[in-house]
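Written out below as C-alpha cells is the structure these notes cover.
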C-alpha cells in the first residue's frame, strides 16, 4: 500500500514539475508583461521567409552531401593491407595468377597498384573527414566564402559558398553514418550471401544495402535536423537566414522577447516533432542487437 | 530455517506464484525442478526479497522478513544468491568481486577482507585467478567466483538460480563439484536446476513446481523414479531422457 | 583448448601510451602537413606569409598579437564551459534514469528544449535576455558574455545528459541485482557497481561531445567575445577592404583551422588515454 502511494505522489509531482518547466519556458518566451502580440502578427512573415531560405539551403546541402557521404563512407570501410603483407604474399598472388592464365608478373604489379590506389583513396577520405570534424562549421563556411571571394565571385556567391561548405560538412558526417551502417551489417553477411551463390555485387545489392538502409535512416534524419540548426551559421557570411534576421530584428525593433519566441518556435516546429517521430519509430521497429552505436557528433 | 507460507506474486496480469508453502531446515539441500515459467526464479527472489510477495509470509530463522520494518539488505546478508548469468562485476577483478561484500556491506577492514577473499577463491579452486577480470575467465570459473562472492558474506543459506544453465557442458562439472562440497559442509541450499545427477546425489529433498504451485515433493528417488503426479511424470520423463 | 586458460593468465597491465598511439599521432601530423602543403599550392598562398604575421602591411590590424590573444580567450571560454557542461550533463543524465518520474520528466523537457534550438540562437538570446533575469546588482559589463557562455554550457550539458543516460542504461541489470543480492543499499550499489561502469561506458561519446563544444565556443564571437574566431573575422574585414592581397585570408583562416584542429585532436586523444587507463577488460557497451 505504501508502495502505491509513493508511486502516485511521484507521478503527480512529475506531471506538475513538467508542466511547471514548460510553463516557465513559455513564460520566459511569451509571458513577460508587455508581450507585443501585434508585433508577432505583423512580422512573422519575415521570419517564415527567412526560415524558408534556411530550409532550401539545408535540403540542397543534405542531398548532395548524401552522395558524398555514401561514397566516402564506402571508401572508409575498405580494408587497407600494408605493403609488407602484399610483398610477403607475392608467391601466392603469382600462383593464383598463373592458375587463371594471367601473366603473373603483371598480377603482382596490378595488386600493388590497386592496393596503392585503395590506400590513397582511403587516406584522402580519412583526411577529409578528420578535417571537417576537427574544425568548426562556421570556420568552414567563412573559409569557403574566402575562396569564392578570391577566385570566383558571381553575384550571390555567398550562397554558393555557404551551400558548398554545408555540403562538405554534412558529407563528412554522413559518411560516418553510412560507414557505421555498412560495417554493422557487413560482418559475415557477405560471406553468407556468396555462399548462397550471389556475386560480390549481388550480395551487396540484396543483402547488405537493404539492411544498411534500415539502419541508416534514423541517424540521417537526425543529421538533417542537425544541419537545419547548423544553417544558422550562414549568419557569418551575411546570408539572410533565420538567426541573422532574428538578431537584426531584435536590435532594430527592440522586441527581443517576441523575436526570441518566434525564432525558437520556428526551430522547434521543425526539430521537435521530427525527433519525436524518429525516436518512436526507432523504438518500435528496432531489431535487437542491430544498431549503430555512437551518433556522429552533430548538433 | 526458511519458511514460505502462502506466497502469491503477480506481474501485471500474470499470476506467477499461486500460493507456495515451503519449509527448509538448516543444513538441508533442496532442489526445485519444473518447466520454465513455473515461477521457480520468482520463488527464490521472494526469499531474498529481490521481489516482494503480494501475499503470504516469508520467515528466516523464525523472523518474518517480508514486512516493511525489516530492511531487505539485512535479509540479503543472511541469504546469498548465485545467478544463472553469474553477474560478476565486470569492472573488478575476481578478488575485488569477492571482497566487495564484506568490505562495503559489512564494513570489514581491507586486509581482513582481502585475506578472506583469497581463502575463498582457493576454496573454489581459483587462487591463481585472483587478479583476472571476469571477461578473462571461462563461464565455469566465473560462476565459481560468484559462489565465492556469495560465501564471503557468511550467509546462513544460499539460493542458486539455475547456476549451470548458462554454461558450456565442459564447465558444468567444476561448478557442481563446488556446490557438492558446499553441501557436504552443511550449507543450507535451495537450488533451482535441471541437473538431475546433482539432485539425486546431493539433494535431501526435491520439489516439483508447475504453473506457480508445488505439485509434489519428496526424496529424490521418490520423485524421479516413482512420481505420483501426472505432470511430474511427464516432466521427469522429458528430463531424464 | 589451452587458449582460454592462456588468455586468462595474461593479466598484464595495459600500457598507457603504446607504439600505436605514437604512430597515430605521427600519421595525423604528417597528414596535416601534407594537406596544408597541398592547399597552399592549390589556393596559392603561403602559411607563413609575413604580410599577415608582421605588422608591416596590416599595421593596427597586426594579426599575430590578435592570434595569440584570441587563442588565450578561446581557451578561457573552453575551460569555463567544459566543466560546467559535464556537471550539468552528469546530474541530469542521472536524473533521467531515476526511478522517480518527478526527476526524469522535467529533465526531459530541459533536454528537448536545448536540443531543439541551434546553439547560436541560444547564445544570442541568453546574452540579451539573461541580464534581464538577474537582479541589477550583479550586472557587470561582462555579464552578457558570461550568460552566453553559460547558455553554451547548458546546451552541451543537454547533449551530455543523453550520453550519461545511455551510459547508465548500458550497465546490465544483472549487475544491479547481484549488488542487491549481496545486501548493498541502493546508494552503495550505485557507487560501487553502477557508477564506475556507467562512467567508463560514457567516455567515448563524451570525447566527441567535448570536441563539439570546443568548436561551438567559436560562436561566442556573435555576442562580442574577442576570441580567436572573432579577432580573425575582424582582421578578415580589414584584409578584404583595405589590403590588396586577398590570399592573406587563406593564410589567416588556415592558421585558425589548425588551432581548432589541434584543440579537438588533443581533447579526443586525452579522452582515449583516460579510457585506456580505466579500461576493465571485457567491459563493452551492449548494442541493445
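Think of it as A, B and C in the order they're written, each chain with its own count starting at 1.
By our rule, contacts are C-beta pairs under 8 Å (C-beta built on N, C-alpha and C of every residue); 3 or more make two chains touch, one makes a residue touch a chain.
For clarity, every value in this text was computed on a predicted model and none was experimentally measured.
Chain-to-chain contact here is organised linearly: an open path runs through the chains from one end to the other. Centroid distances built from C-alpha atoms place B farthest away from chain C. Chain centres here are Cα averages; for chain A and chain C they lie 18 Å apart. Chain B and chain C have CA centres that are 47 Å apart. Counting partner chains per residue, chain B has no residue touching two or more of them. Residues 48, 50, 72-77, 80-81, 83, 85-92, 100-101, 104-105, 128-129, 131-138, 141, 146, 149-150, 153 of chain B are the ones touching chain C in the complex. Contacts from chain C toward chain A in the complex involve residues 28, 31, 35, 43, 100-106, 108-110, 112-113, 115-121, 124-125, 128-129, 133, 159, 204-205, 208-209, 211-212, 215-216, 218-219, 222, 229, 233, 236, 240, 246-247, 249-250, 253-254, 256-257, 260-261, 264-265, 285, 287-288. Partner chain C is touched in their complex by these residues of chain A: 10-11, 13-15, 17-18, 20-22, 25, 28, 123, 126-127, 130-131, 133-139, 142-143, 146-147, 149-150, 229-230, 232-233, 235-236, 243, 246-247, 250, 256-257, 260, 263-264, 267-268, 271-272, 275, 288-291, 293-297, 299. Of all the residues in chain C, the ones that touch chain B in their complex are 4, 7-11, 174-175, 177-185, 188, 192-193, 196-197, 200, 280-283.
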